[in-house]
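First chain A sits with chain B, and in the next complex the same chain sits with chain C.
== the complex of A and B ==
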């Protein structure tokens, strides 16, 4: 029952955070110069007879209302599941976001699938051979993995594998449901780029956890009982060292989305980051607000589920 | 009161060498790199004879040579000179954003760690809301809205970092205020503001010091990412990030141009991260490694 109560409190917190984000996404563009009606009309907005057209456009977009009213209308629509339409293309915001999600999502999933097992192996090994050559090498490589700008690493991989060796494409995205082979080949470089960053973060984490776990009494007991080293490290120690990783993936999901946004820009995958960037520059209020809110909902939900899963997996955590 | 070893033997020179040796090679090289970086930021002309804004049609996108160790850019300017002359702004943005984070995070963290449930809860929700949101998306929204000046970049990156300072400060305050010396001060009638400012804050400084270089490294990386998206500082100002952004259009014909810009960013970010680790190790003996 405790976990149900906990779930309720966390859900309430989630709602408050979402409300903050909605206010922020709403205000960010409105507090700064740039009139969406003028941008929509383009060069014609400068003509002397454009004032009437601009006024009509503003009324159509609801921009003639005071901010609180605009916010109220937007929030009311969202609560009914209506995220509005793009003022530029007239396409529904939900549709635009749904179209931009697959590249970002596959990129993140691929990176997680590669980085998680590798970081467990390297993190555990480095902790076991503490102060040895493996430890030093792993620490150096993980620091570099985090210190390399993701955009540059992507560019570097393109220079090597697309330009010099000419064996992998430098960008583009094909849906895996249309042509899986093409999708797979196109995703190799972007996924590698993101996995290197994520792997660096996760390996350091596993290393820190494993260093603590390996020093615990039960590990010494296991040694005294004559249990083999691989079994001790990869069964007994690993279970306790890796469980908190669920939370870390949950916490890092924000950073991961951020990394994915940069990587998808390098490889021209056309994901959520590029949608947001272009709509911010076009002052497409509805799309920006919708994309920001929908992304945040997903990110928070993943963090929330990770937290819940962790509590279920590790019965020691009650508070 | 501090304990010092008596130093009576040896000449001043040998004592200096002994002192340097005691610092250790890792710390020493970090210090040297730091000093060189500061000199580059203040007197860039010492490090390159060329002007970073030179326009020379006869030397566009040259390969590395003795005259131009990292080649030249699309306007014919020396790439090494551009990197050197960008150090100043890069470091100002990195240090400035950490300063912004400290200015917001320190007092709010002290207050939240010391306040009742309501104030603490309100502050913590704002911090976790900021932390939960994907940093880069947030930055895209803010920078694209508020403009691409070095000041707005600094403030926005600093704002993104404030929850990290806040949460650390809050946790430190909460644990410190339960300690006996704080109780003793309270019983002794010392004012709460004085306890916080003169006793809690200095004791929380250690963990904060390790956070500063790490955040500076992250600021440089975020600045590079934003610049790549076209949200870097406006011309004629230039940072390592905007140089990387400019180089991306020529990676097929002039790969060294893009590679050198990225190498500088990676090197500096890695050095800052190592510095953070070293400070953490010396601040916390539990994490110190055996000398080998």
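== the complex of A and C ==
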């Protein structure tokens, strides 16, 4: 009963957030200069007799309607499960988004899989050897990792590994189901770029948590009871320091999608980020609105899953 | 008194920085096997630092022991031993329990597993039967329904229960010395009395000596055979608990005794 009620409240909150996002996605492009019809028509839009064609295009795209009507039609379609088609290519938005998911998904997944274990090891070690060499090195490296822009880092890696050393490709995406070797080699640089940023953020987080945990009374108890140092640091302290990380990773997924957009663009992976970028530049309203909404749903769901996972791992949180 | 006590602290000095005065100066304390010894003093008197020195729990990156200082347990020098060797002493030959039952147990592990960990750390050969032994010791420290408590988390237990779990942890591998640092101070008086009684009974059963660190004369009166009074990092007075309580010599001890609240107003507030 209580769980049903809670689920109901969460669903209502989700609906409100999605409604806000839908309004925002709808207005964001319309409030920026640029006419989709003009962009679609291309150079011809400059011709003196183009006015009629433009008007017809606008009517076809429903852009001659007032905004509230446009919004109402779009929302109604979405509620029926229809996200519309690209005004540029005529391909269904859902299809475009689905095609763009794998590169983004593998990029983020790869970055998380690399950054999480490394940040745990380095964060814990730095906190344990506080003010020692490991600590100083970790603090310096994480500061750099957080401060260096992903785009710059991506280009830097390309210059070193693709141009100068010529050992890794500078971009492209192959499905792992078609050719895993090629996929793996292509993903090394983009995943590294994103993992360095995420690793910097997470290491800082683990470091702060672990510094706090290591000072706790229960750590002194474990010391006084003769529990070995590795077990104290990597079992007793780690479980406490790392549990909140689940939430952080969940929250960071949104930021990661944002970071992934840039990294994708640098490496030409053709993921969600690139789809959004090109759609924004083309003023492809339907695609931008649909992609933003669908991405939001996924990010929110990941957040909820992280919350659920946290509840399972931390015994103190129970219903 | 035999020649060699179970625990012998000789001329202990502890300094936390070169500029500040030492936290503990020339403290000597003897604990005979199977006896109950108290150290009483206000906060900052150095009693906890002294107790922590026995198991080398002070942060030795900042704590420095005097050249002439020595602590022996069963004739074995602890202060000069490598920390790796001390690890086998902690929880095995001598255990220590602490104040604040809210925070002394790890919040994300079942309490049974925490006790089991200590047992297995010192007696790896007992791994297979450890669970049964842990449930036995939970029972021994007066926890009702120990099999159920084994599976519980610290936040599901009351303060008194948590303190009992920590005692179970401390006695898991039958140490000869238990150091209790204000172990009952955070508990309310009735629970405090019950926990003290449990510690006393366990000590008697197992011939385990107890070094009780406290600021509470009531605890000394109820529990200790012998007591050392510490003030400003030094032992200012020591003797049989009964003697100290009835005829204190040092001014500070008199003040400590006077600070004990009394139920009857006809007794003098100051000695």
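Note that the second predicted complex is superposed on the first by the 307 of 319 C-alpha atoms of A that agree within 3 Å, B and C clash if a C-alpha of one lies under 4 Å from a C-alpha of the other, contacts with A are read in each partner's own complex, and residues count from 1 in each chain.
Note that contacts are C-beta pairs under 8 Å (C-beta built on N, C-alpha and C of every residue); 3 or more make two chains touch, one makes a residue touch a chain.
Computed from a predicted structure; not experimentally measured.
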item	value
Clash-or-fit label for the pair chain B, chain C on chain A	fit
Partner chain(s) touched by A:156 [first = chain B, second = chain C, both, neither]	first
Partner chain(s) touched by A:265 [first = chain B, second = chain C, both, neither]	first
Partner, of chain C and chain B, that touches more residues belonging to chain A	B
First, second, both or neither for A:25, with chain B first and chain C second	first
Partner chain in contact with A:314 - chain B first, chain C second, else both or neither	second
First, second, both or neither for A:257, with chain B first and chain C second	first
Three-chain overlay, vertex chain A: chain B-chain C angle, C-alpha, nearest 10 degrees	80
First (chain B), second (chain C), both or neither touched by A:56	neither
Nearest-approach distance, in Å, of chain C Cα atoms to those of chain B in the combined model	10
In the complex, chain C residues that touch chain A	55, 57, 87-92, 95-98, 100, 103-109, 117-118, 121-122, 153, 155, 166, 169-170
Chain A - residues contacting chain C, complex	216-218, 220-229, 231, 236, 239-240, 243, 313-316
Residues of chain A touching chain B in the complex	13, 16-17, 20-21, 25, 28-29, 31-32, 34, 131, 143-144, 146-153, 155-156, 158-159, 163-164, 254-255, 257-259, 261-262, 265-266, 272-273, 276-277, 280-281, 288, 292, 295-296, 299-300, 303
List of chain B residues in touch with chain A within their complex	125-126, 128-129, 131-137, 140-142, 144-147, 217, 221, 224-225, 228-229, 244, 248, 251-252, 255, 258-259, 261-262, 265-267, 269-270, 273-274, 277, 289-290, 292
